[in-house]
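Given below, in the form of structure tokens, are the structures.
Next, two complexes with subunit A in common: one pairs it with subunit B, the other with subunit C.
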Partner chain A sequence: MTIPFPQIHWAYLLPVLLVVGGAVFVLMWDAFFPQRERSFLVTLTLAVLASALGASLAAQPGSEAASMGGMYLYDGFTRFVFALILLSSFFSVLLSAAQRSLEEVPAGDYLGLILFATSGMMLMAATRSLLMVFVGLEIFSLALYVLAGFLRGQPEGNEAALKYFLLGSFASGFLLYGMALIFGATGSVDLMEIAQRLTTSPPSRSPAFLLGLGFVVVGLGFKVAAAPFYMWTPDVYEGSPTAVTAFMSVGPKVAAFAAFFRLLLAVGPRAGAELDAILWVMAVLTMTAGNVSAIWQSNIKRMLAYSSIAHAGYILVALAAVRRGSDLATGSFLFYMLVYALMNMGAFCVVVAAGARGEERTRIEDYAGLGYTRPALAAAMALFMVSLAGIPPTGGFVAKFYLFSAAVKVGFVWLPVIAVLNSVVSVSYYLRLVVLMYMREPGEAPARPGLLGPGWSYALAALVLAAAGVLNFGIFPSSFFELALRSTLLLN
Partner chain B sequence: MELAFFYLFAAGIVGASLLMVTRANVIHAALLLVLAFLFMAGLFVLAGAEFLAGVQILIYAGGIMVLYLFSIMLMNVGVAVRLRQWHRQSVLALAAAVLLGAEVWAVLGRGGYPGAKAWGWGLGQTPGNVEALGEVLYTKFLFPFEVASILLLAAMIGAIVLAKREITR
Partner chain C sequence: MPREYVPILTLLALAGGFGLLTLAATFLFGKRRPTARKAAAYECGIIPQTSARGRFSVKFFLVAILFIVFDVETIFLYPWAVAFRDLGLYGFVVMLPFMGLLAASLVYEWKRGALEWD
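Moving on, here comes the complex of A and B:
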């Protein structure tokens, strides 16, 4: 028996290979040359991520998008999602290098795990096969469980890691069980084949398929922190090192939402009429729970955690629109994720940069009077808060506008209305921080904390990059939005 | 004959599982779980899934059981025997079991797995379960098979990171 070698487009696979190879290389380098400077490994990791970004931008998706029978899919959507994931990893490496409490950790292990997590996210987003979705999800989940508890001396970190691990494995179980049921009902794990079989025959009505679809929604809903599966988020975000929290709030969400979009694009219009109500309720619950809970928080990381839940709710609005066959919704999702990545990373970067050597500034009260002690930092934070709240002329406003108008175009009335009302609620807690920074006298802050540490250049780079992006997408959004829309052209 | 063996194995699974959840001693429960796994492997053989039967014994009865026994040994077994077993959750557990039973009945009784009947399981024409599995693993599912090694590598490194730092501090 001869086994044919599968057809592989190496140029398309190159971004993933670079990241995986980089992870192994970083680990090996740290094992053989442990005495080298930490900044060398950080630079190397940044270079790996930048070259992977370059490779994915250079590889023009053509007609032969699917390699290995759809296991690896490189289309415009993949390309844009790769850019998002690599961007968020790039930022989190910058933040990790800037964070004072991460100075003592073994850099090779830490950076290696970040790169492994990145590769998992990329593989999860770039596939048509449910099997690869699961394998990619497990790769980044396992790496993130460890990263969450990387500061072992801190009990909060251990709690976060354990909680994330237990609930995460439970959710993975749901996802896998659901995939198995879908396979049983349709005889395939390939989304395109599943979609074809749904049109030709009625397995869409079989209980096995519907149950499987429901379980998959639960599993993915956990990973994107959608209500009612978001309970873990605040504790895990609070206990993890801030740079890891920043990574968790963007990277896994991009990957899991990308898989969610692919699933709904394939099976949604044919089989998921029941999903309409589920997505509607999930979106409303998620954004309301996130925004209302965020108001009462006194810890800035918890507040940002609830804010990220609320933003997942806004994206679920786009998912509901995709279910109804909106082309615009996928493009506005990509654009929203781009802006969200920048503003969220920027906000976490301010939290990192404001921290002193011994302690981090995690209480919201700690930010009182920051506008007088650290004017530049406070100005950056104000910009990110205004953008997260969705006020012009920032990227957050434009992104929300595109997202909600996509929902309006497919006939949703109440969903966008509730989303806009939620944005109004969210202004209260975002602007509370701005008011606190500028209208209150500074408390007994440390004399010259934070930024003068060895990692200040990394924090500065991240801040400038994020702020420039948020402003640019707010004032000149059209070219990037066009790009996001064009990325979704060859989908289906 | 086949039916007789099916009932034998099925009764074995049910009996071993019932005994397992009612034992006070966790070691006894763990060993009864091995018994249940072995009967289940027998069921897989009857269904023509030899590979699954072998994996069931190797991974579950072998690997995972050893893991269970290790974690039981790390706890204090003597204390666990004297603790209350049910935490007043027996009603809840019964309700969950009934719900699961209804679910299985709904899926298998009504419609079953239509895709499996209509399109086959995606396996090749090769006779024999193990050969067919090997063939699709190295052709159709080559990419996930290889990517799974990244998963194992990441998991291994994560475990080492957690354990290593425990020792140095």
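Moving on, here comes the complex of A and C:
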């Protein structure tokens, strides 16, 4: 008996291989030479991420035959999502290097975990197999549980890590159980085969399949922090180191939403109207809960956590449109994630940079008068807040415009209306910060102890990159939106 | 489709039924003459020294984690070894990165001092 092996297409695998290899190298290097400069490891990690980004942009999207039995799918969608994930990892490494409280941690462990998490996210987004979705999700989740509690001396960090771990593993259980039920009802874990079974013999009405689909939605909904599974988000985001929070607010969401997309494209059109209702209610609940809760926050990390929940709600609108078979929705989802990654990373970068002189500034009150003490930083923060609120001429406005118009085109009426109303609510807390920065005197005497930390150049690079991106996508959005539109999926 | 699951359900019913039946039978028919020695906690036949609820060092946990490296290795290597001839050279080559990763994790733990007890 000979066992057939799938043909391996190295060019498509190269981005993931680079990231994993880099992670192992960084870990080993730090284990053997713990005394060396950590800036070397930071530079190396950035180089690994940049080369993986280059490799994924260089690889032309492949055909069905090159999908390694559906396990690893390299299509235009994958390529765009890879770019997003690698970009967010790049930003979080920059932020980690700039954050004062992370200076003392073992750099190899920390950067290795970031790289391992990145590889997991990439694998989760680039597959058609439910099993690979689960494996990828676990790879990045386990790394994130550790990263959340990386500052072991801080009780908040321990609380965040434990909460994230307990709830996250519970959600993983839901996901896996749902996948098992789908497998039981259709006899396959491959999304394309599942879609075929659903059309030929309709087990889509079978209770096992519907229950399984529901469980998978719960599991993925937890990872993207959609209502009603978002309760962990503010606590975990508040307790984790700020650079890790920034990472958690973008990378895992991109990966989980990508898997969600592939699932909906495969089973969505055949799974009946229940899914429509579920997505509709989830989207409305998520954005409303996020926006209304964000108004009352006094901690900036909690506020940004609720804001990221609200943005997950907007993206769920695109998901609902995708289920109705909108091509525009896929493109606008990718474009939204791109803009969201930049403006969210930028906002967290300001939080890191504002605390770069020692004490972290996490209370919103700490930002009073920042416009006078540190004008450049305040201007950047104002730009990101305006973009998050969705006001032109920033990327946030264009992204929201594309997203909601995609929903309108497939016949949703109230969903975009509610989303726009929610955006109006969100303006209140985003602009409250801007008002605080420019129209209030600095609370105490502006603390200017010593010089900036050694990582200020990293923070500066991240800030400039994010701000330039947000402005660019606001003023010249069309080229990147075209790119997002052309990033089509193999499976459709 | 559901008919395929009948053997599994039968097995579940048999296994569960056997357990329940034995428990019920001993409860109904067995004679109970408890002594202090019989009521003591069972620790593999050794007379217990202290309460089992004491705290013990977290180092034991670390050893358990270390064990996982070898555990995973064995789980993968057994089926691989059984099918080794059929897998041929390709199967040998693709196993090397896996072994390399495991070895790397062991080296990492070693270097980090996880194998030192004190």
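What to note about this one:
Here is the rule we go by: the second predicted complex is superposed on the first by the 476 of 492 C-alpha atoms of A that agree within 3 Å, B and C clash if a C-alpha of one lies under 4 Å from a C-alpha of the other, contacts with A are read in each partner's own complex, and residues count from 1 in each chain.
As a working rule, a residue touches a chain if its C-beta (ideal position, glycine included) is under 8 Å from a C-beta of that chain, and two chains touch if they have at least 3 such contacts.
These figures come from a predicted structure and were not determined experimentally.
Following the overlay on subunit A, a clash is recorded for the pair subunit B and subunit C. Of the two partners subunit B and subunit C, more residues of subunit A are touched by B. Of the two partner chains placed by superposition, only subunit B is touched by A:4; subunit C is not. In the superposition on chain A, contact of A:119 is made with subunit B only, not with subunit C.
In the superposed pair of complexes, A:72 makes contact with subunit B only, with no contact to subunit C.
Applying the stated contact rule after C-alpha superposition, one finds that A:181 touches subunit B and leaves subunit C untouched.
In the superposition on chain A, contact of A:226 is made with neither subunit B nor subunit C. In the superposed model, A:139 lies in contact with subunit B only, and not with subunit C.
Of the two partner chains placed by superposition, subunit B and subunit C are both touched by A:27. Residue overlap on subunit A between its contacts with subunit B in one complex and with subunit C in the other: 1, 3, 24, 27, 185, 187, 203. The part of subunit B that touches subunit A in the complex is made up of residues 103, 106-107, 110-116, 118-122, 126, 135, 138-144, 147-148, 150-151, 153-155, 157-158, 161-162, 165-166, 169. Those residues of subunit A that touch subunit C in the shared complex are 1-3, 5, 24, 27-28, 31-32, 185, 187, 203.
Those residues of subunit A lying in contact with subunit B across their complex are 1, 3-4, 6, 20, 24, 27, 67-69, 71-72, 106, 109, 112-113, 116-117, 119-120, 123, 129, 131-132, 135-136, 138-139, 142-143, 145-146, 149-150, 152-153, 181, 183-188, 197, 201-203, 205-208, 211. The touching residues of subunit C, counted against subunit A in their complex, run 1, 83, 86-88, 90-91, 94, 101, 104, 107-108, 111-112.
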